[in-house]
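One chain, chain A, appears in both complexes that follow, with chain B as partner in the first and chain C in the second.
The block that comes next holds the complex of A and B.
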């Protein structure tokens, strides 16, 4: 009550009266607020003039502020200011800063790069980014691959060879792993024997008699596994035929955790063959320097050969 | 001067100008000493030379482009951010600790708002004269005298603000070069912008807003207020003594001596108003403890000088605790620290200061980080061996190139494979990156869960540091 009384003493009314005594207080906005509001109006007009603002159909008013950048084709473009162009301009700047390093990469041999501490640091950081952008979708962020789909790059087993040159060839031209299906060539029992033999090569629990029969099949001409995997079953890197005697499993390990399950998966691989070991070619997508950086990076991931 | 609530119903109270009277006494002397000391440190420190191999010869240099702070012999890198965290923690706890003991001592004697305001008032006093002269000047029309005096005061304030801003920026770049560059238009844009902002904000805060910063802007004053306890010492007016039965009264004839006053039931306060006139926040301490009081003690000096001139005992306004003032027979005021909160803050303060001192005292000549690569955590190799990989980052913190040797402890020597980098040379202030892999047989892997990677600067075996790392294998919970 007392506050109302006080207010009526100090605050003016608008001067109108309705229904006899109904009046409205006149509480104008504070001056600083009004002037701040006017300032924002002026600011927005200046902003419209300088920066892109109003849309007109599919186009827009560009504003007087311009930005110049070099696009991916190497052409210099000038455009009204926008954040996309700003990003490209920033990328241009980064590319200029990276250039001396990439120049060094193309001038040096693989061995020189691997031994130079500064270049090694550059490979570890730029290689990581390139790997994450291009390779990680299949081979995973750390290069650990995915059993049954994509090979692990961090172990010491290299399907197509782990030398700098072999890795470079793989990256440039891509690879296509292929194993024929033996479903129609061999009987079910024979496939079972072969599976047990392959399991025996890695010391996995197996049926001894079946494995002995499988040994004969492996080296015989009916199945002729040795043609690709070699008579010692250690594989042939020229065609990417894997070593069957080691502990590395790419295709026949999922989801088997027990020995019997593993034999069953091996049998499936022999029966149905494989046609999914596809590595795309990167020669058209990455620059030679980038491929060189990735070569050294991947070489280091698995310790190389 | 305080307006009644009824008149304040508007949204914004207009500032009531404050013209502080100068005063003499121990608190004024302490404040002046603190002001001189703080200004000497702040304004002169960037000019202190210090010879360095790889940086400008400046004792304190916050080298932002080089990502390091150079503080005398100490070089602080971003990796030492924990020191900053500790320092902030110590500062916060110190504030809490001191506030619990002696109230807002920080506000009254050390806060830069108080220091700069004090300095600006000193300028005002020198140019325009003592309080009555300034009040007269304020009230008189804008004539020649007023324009010259007010104008030159503001000009001096702007100059002091500018030098404050310039000094701040001088901590971030080589000071003599900055001064030359600034006046020849060669300094960085950031320097001009920072100096501009600091000049404006110092001028506004210390010249124009003054106590309004403490009253309306600063959060510290408010949260220090809630840390007061009944035992906390603060600037208090002894109302029982000052007001007695019939309140304060001027010292007219017949009520001039204490005996006469006590007979009439009058308090010891002669209502001279000096305590209000000297107050930089314009309050009346006799209204009791209040949030606007920055506890600078000037009213104590003022009151004591009056008490002395009337031959009354000192201490009508004094540092005392609420508890002591409320006691039947107040004892002599003293700092009371035997409280759980104070002891706890004190212990935390000692502990954290010791941690900081230890951390700085035992800092190595290089920084190292050994991170196990977690994708994948381990790899089973073709012969069944297990391999873990580690990324080792070494940051050289000394002023010259240094070679580091890397070895392992707790695993067979041949298990550690560093590729081409059994040793790495790192430039000063730079980092070197090495990829290490450790290969163990399944039997070894089953036993070894942890081992150490040892980094030794070549020729300085005493500075070797080791990092404990894990070794992971299949069938082991990470």
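The block that comes next holds the complex of A and C.
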């Protein structure tokens, strides 16, 4: 109480009294607050000078801070600070560090890259990131694919070929799987016979008599399966028609089902056809060097030919 | 002493204080927002950006209805890591017909600004029905009803009309249609004509068959059509990598 009395003698009040004796001090702002306020004012003025700030008509003041970068045309340019110029500068710096490797990637043949231990290390580390960002959502983290959706990249069975060039073509332009439906061309019994024949090619339990009839259909002109899958049923990589003799199934495999179930699934594919198996094209999204890195990476996953 | 007097004068006149407070806080808005309407370079001049087709627009409505934006942004920032993962940074021009835009800053899932054409339709359908069947570590919820719910197309024209009212160049009259032909070309202009909206939607859905099921048009058809167009309108190979530096 005595302290308050002391203060009331030295500090002004607002002059009002409520409820008889309630008064309000009129203290000045604390010095630390006032000086912090002045400091922020000075900071903003410095900021205006360095960075883009005030709008003037249809443009704005760029600021004295400059960024120098090299653009894709190879021209060196200087621009007032902004995040887009800063990005190009960052990319230039990374490009310089990676240039020796990417130059080698461009210059070397696939076989040379695959045999060079240092390049192999580069492919493994940069390819892994590229694969995780772009390929893993479909082909899964290890490239094992997913039955019924996306092919396994780690085995030696390839729809479109497992050579460096074939993988490169697939990555660049994408792929689109297609098989016509046969339920209007063939009768149900014939489709069943064909399914048994296809099962027999991979050693799946089947009905021998039906398979023999299916064999004739496969190589005959009514169904003409051989046109795409080849007379040996080993497929034609140039059109992505799969090998039917290796017991590796992308569309028709149903893990843990009995032979009868597998024949039924094969029957379904023949009857309804397939219009899926779409692989997007990466030419617009990735650089030629990145596609080359990925080509070698995918080739090295286990099944490269 | 003089200072104290003025201060008190404001504090004891509540009407005056309200007016002065409003003036003070509008300065921030005026300085940061108003110039964007006058500065020429706010929306970059690029070719290819067009309003969504009726089917894509319905997909966008479903995207918003399901709250996809609560986990996915559509704004690639100009940073090296984002460029490497998602592609070219987003331009203001690319969302000029979005009402509201889906920029966002909350990324529980990845940015979707350039997800178009990155995966197959089949992947999108399976991933939306059961995300973990495609991406084991995903925390995205399942959206199985998109595949089984028929798309309500009865109000397609009304939805485009609402967007036309806020400035999206969907055409209601022949004159507006002709203007769109000049601006976007015949093929796009046809898609933007409101009287044909429902017909165009059905045509695109049947032709694209986005959900892999030809028996009808589901909400999945619309959503996948929308996702597949995101970020694909501008062909960046036509522009130098510093073409948009001067716009900021």
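Points to keep in mind about this one:
As a working rule, the second predicted complex is superposed on the first by the 196 of 305 C-alpha atoms of A that agree within 3 Å, B and C clash if a C-alpha of one lies under 4 Å from a C-alpha of the other, contacts with A are read in each partner's own complex, and residues count from 1 in each chain.
The rule is short, and it goes like this: a contact is a pair of C-beta atoms (placed from the backbone, for glycine too) under 8 Å apart; a residue touches a chain by one contact, two chains touch by 3 or more.
Everything numeric in this text was worked out from a predicted model, so none of it was measured.
Looking at the shared chain after the overlay, A:154 reaches chain B, while chain C stays out of its contact range.
By the document's definition of touching, of the two partners only chain C reaches A:71; chain B does not.
In the superposition on chain A, A:82 makes contact with chain C only, while chain B stays out of contact range.
By the touch criterion defined above, A:117 reaches chain B but does not reach chain C. In the superposition on chain A, A:57 makes contact with chain C only, while chain B stays out of contact range.
With both structures placed on the common chain, the touch criterion links A:94 to chain C but leaves chain B unconnected. Measured by the number of chain A residues touched, the leading partner among chain B and chain C is C.
Residues 140-141 of chain A touch chain B in one complex and chain C in the other.
Contact residues of chain C toward chain A in the complex are 4, 8, 31, 35, 38-41, 77-80, 83-85, 87, 89, 117-123, 126-127, 133-136, 212, 237, 240-242, 244-248. Considering their complex, residues 6, 9-12, 373-376, 379-384, 387, 389, 391, 417, 419-421, 424-426, 431-435, 437 of chain B touch chain A. Considering their complex, residues 3, 6-7, 10, 30, 114-115, 117, 120-121, 124-125, 140-144, 152, 154-157, 243, 246-248, 300, 303 of chain A touch chain B. Chain contact summary for the complex, chain A toward chain C: residues 12, 14, 26, 52, 55, 57-60, 69, 71-73, 77, 79, 82-88, 90-91, 94, 129, 133-134, 137-138, 140-141, 146, 149-150, 275-281, 284-285.
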